[in-house]
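For reference, the structure is listed below as structure tokens.
The first chain written gets the first letter, and so on, giving A, B and C; residue counts start at 1 in each chain.
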Amino acid sequence: MSRRVGEKDISGCAISGIFNRKGLRFSGEAIIKSIALMRERSNGLGGGFAAYGIYPQHSDAYACHIFYDHLKAREDVEHFFNKHFCITLAEEIPTRKLKAIGRPPLIWRYFIQADRQRLERSNLTEDEYVVQCVMRINAQYKGAFIASCGKNMGVFKGVAYPEEIGEFFRLEDYQAYLWTAHGRFPTNTPGWWGGAHPFTLLDWSIVHNGEISSYGANKRFLEMYGYQCSLMTDTEVITYLFDLLVRKKKLPMNLVVKALAAPLWSEIEQMEEKEAGQFKAIRAIYGSALLNGPFSIILGHRNGFLALNDRIKLRPLVVAEEQDVIYVASEESAIREVCPQPARLYFPRGGEAVIGELEGRSQ
Amino acid sequence: MSLTMKSPEFLIDRDDDRCINCQVCERQCANEVHYYDHDLSKMSAVDLNCVNCHRCVTLCPSKALRISKYPLEYKENYNWSAEMINNIFKQAETGGVLLTGMGNPSRKKIYWDHLLLNASQVTNPSIDPLREPMELKTFLGRKPERVEFNGEGNIVNLPPQLELGTPIMFSAMSFGSISLNASKSLARAASELNMMYNTGEGGLHQDLYQYGENTIVQVASGRFGVHKEYLNAGTAIEIKIGQGAKPGIGGHLPGEKVGEEVSRTRMIPQGTDALSPAPHHDIYSIEDLRQLIYALKEATVYAKPVSVKISAVHNVAAIASGIASAGADIIAVDGYRGGTGAAPTMIRDNVGIPIELALAAVDDRLREEGLRNQVSLVVGGSIRNSADIVKAIALGADAVYIGSAALIAMGCHLCQKCYTGKCNWGIATQRADLVKRLNPEIGVERLKNLVKGWSHEIKEMLGGMGINAIESLRGNRLMLRGIDLNPNELEILGIKHAGE
Amino acid sequence: MQESRREETLRMKRIYALEEHCLGCKLCEVYCVASHSVSKDLVKAHKTEEITPRVIIESSGDTSFALQCRHCDDAPCARACITGAMQKDPVTGIVSCDSERCVGCWTCIMACPYGAIRRDKYGRSIISKCDLCAEEGEPSCVSHCPNNALIYKELEANERGVE
């Protein structure tokens, strides 16, 4: 798990997502097929998946997927976990031996809940408590990296092409109602398992293609609210921005989207007074959250997903719908590979959010 | 005293082959340098009087004039420079305080020149501002930590904001220190450019009330021209605590500049000296400042943002943080190279710190304390070009104040003799014959051109970085690299060295 | 009659002086001389030629303005001219003096209500007056005024101007 510290991560990518809005679960085979088709958009230095609905039997516990470089790291983290959490299950994540995967780290998962006494003393919500513990481990525990920590979801990622990662993690054995996938083409960072995508925080997960030129401004904005951007990746910053604006600032999702991919002033001027006033205020207040530069992202969360392009559409993003299933991908072919004749297929405009929600629930 | 040791600073070199004896130079020099010698039937000059303002050179129709440094060498001495020696001669003759105008010219490190900007290559596209939208709109004012909505979904708790078309404002320059024509030029240019100018501590002349939407009215220690109508005439109010050129001291407008118009505007008797005390005598502490901030807000029914302007001094970060918690909506920090109409030379050249370092420190401190997104940060004190602006915003400023640059646009040649009241360019003077020399229509046009040109350059630089909105540059220090800076300086500026 | 004269005044481009911007620097005179020189060179015009400037700077205290021929619609100078040297061009409206026919009787000087005609100080004893630099497009005094105190334009109906 080598990583170059302090230098910003830059990479090109492929992304894909499949979502059943009725909440019906399906195996990881389709998403692997879809992302595999865009193999030339990756270079084998990172691939990964986020899956929602995979741990229904542990749905009340935070599912922590952790990479360890060595046993000492595992001991340290488990010591920390024992102090701060109640662990219902700890096990190694089943994997398959593959030639393409060189030397994988130790990969474990834990289903945990906050220690009641410590939680009460901390005066935090359980979510915030978990976030702070996870951030502490990722920033301070050498050789350990928490890849995901949401409820009833998990991230499977590593250094290889995404389809190899899918095979490695035996994703055909998991059932999820939302799958997202990422294939990575880093330009400067030697791939390391933690640095692969998706990136997550609680049950937020992000797969992203692009390079955010506003990274420095976004990062310093987030740091003001206690976020530590230790990975130096755009994905990390985007995840935290969603967490800050949705969870902490309680902004409705439609306005969060308008903060991150703000309409142009010339567009705002054309809007009706009420809408214009709202967007103007959002831009004035949360200008530092604007993601500037090319990107397309798929944000997964327990209730569905959101796909978004930068406001002038400098990266590709395609959406398709067929019955209860919504497909999102960097390329149309990646959708047609798994759904040859969708009922509807379209290219969302820059800054136009595509929102998929489980029926009967909304974020 | 019988013997004067004053020697000329400048040498007038007149090409007699080109001089046509039109006497334009003579008529244009308020310092009475040029004269027509009837005995010799040619023009001549008194070098000693020359301040090198270039008025004569610029207007000479046959380009017969050259001005150079007077070639008078003292015995070489690194410690006792000619300037030091001449200053002592001056003071030995007068017993006075050395006075000067405009900003600190001394040879100290200019940090802007040690900062380099980034540009996109391959992994993200640069953006062409001629073909793509490029947004410079900037809001100054307090931002809520969390927005609140009413039943109809409208945001109800956004305090008043200044909306700028470009992140540039004209710094505080009072009517009195500058001429009415200069004030008019600034006010009209600001209104035509959708930006702000600042009245300085001179009150608001009746003719300028029409530009209220683009006016920041200043309240300083002398409270000249402050009344309810004045406070409500602008879009924002600025409490001036300090000025970069002279931190810790007040102001002094000599009585001869207080003519009828200045007297009426400042509400002081004609011909009396306008003395601004060093401190506000109702602000001896941060809690006093809070009271004044809220008194002004009360007087303007919370409809206008209140700015507090301080000079960049050693513990500026802590002071700024205090100002933010005291309720200011905008903090303006003025660096030690900032200009002035008059300041004691020793203060101007030796007190305060560079704005670049102050800005980085203030931005860092406000972020550490979680206040940065609540208040706006404006910096001034020698912003010389559009790249300085881009660097200032990348370091963490919301907008900049430009003062000297605006005056230069109107004709100022930085001769630093503002305090004499004999500005040959009609800017820093109240003499009717000199004031006339600045036709506001020309002044407005030149200011507009400058700001337009700079705004366009800012757009080009933003586009190069792959950014199409100025807010994505704010505090984006990854867009900066240092050159020829030591580790300590890099740390204060929060940037990496070039190559890192 | 009054109305139509007013309209004619509006139509013709004339020089207007804005005394609030006039500095009394007399650059207009300098450039007037250069413009009416043979060499068309500012230095040579002053050093080697003898030319009377056609613009007159009126000043009193801090107030000054540059006065040139107003090219009046009824041109009293042309009516007074005994040789027909002074003519108002019916097309351009410019009042000009044919130096070949001028005999230097000074009748026009007496007739001019503005005092805008003066004796040529040099050469043959004739008069000197503004011709709006007819050959140059814009009068030289206007294009060289450093403070835009001289403007050359058709007057708008609601504008003020020295008439």
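We take it that a residue touches a chain if its C-beta (ideal position, glycine included) is under 8 Å from a C-beta of that chain, and two chains touch if they have at least 3 such contacts.
Since the structure is predicted, the reported quantities are computational estimates derived from the model, not experimental observations.
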Going by C-alpha centres, which chain is most central here? B
What is the chain whose Cα centre is as far as it gets from that of chain C? A
Expressed in whole Å, how far the mean CA point of chain B lies from that of chain C is 44
Measuring centre to centre with CA averages, how many angstrom lie between chain A and chain B? 47
Indicate the whole-number Å distance between the mean C-alpha point of chain A and the mean C-alpha point of chain C. 80
Chain B residues touching chain A in their complex are 120, 122-125, 132-133, 135, 137, 139, 141, 143-144, 146-147, 152-155, 158, 161, 367, 370, 372-373, 394, 465-469, 471-479
Could you please specify the touching residues of chain C with respect to chain B in the complex? 20-27, 29-31, 34, 42-43, 46-47, 62, 144, 146-149
The answer for chain A against chain B in the complex is residues 8, 10-12, 187, 210-211, 213-221, 223-225, 249-251, 262, 264-266, 274, 277-278, 281-285, 287-288, 290, 292-294, 312, 314
Chain B contacts chain C in the complex at 17-18, 20-24, 27-28, 59, 61-62, 432-433, 436-437, 439, 441-442
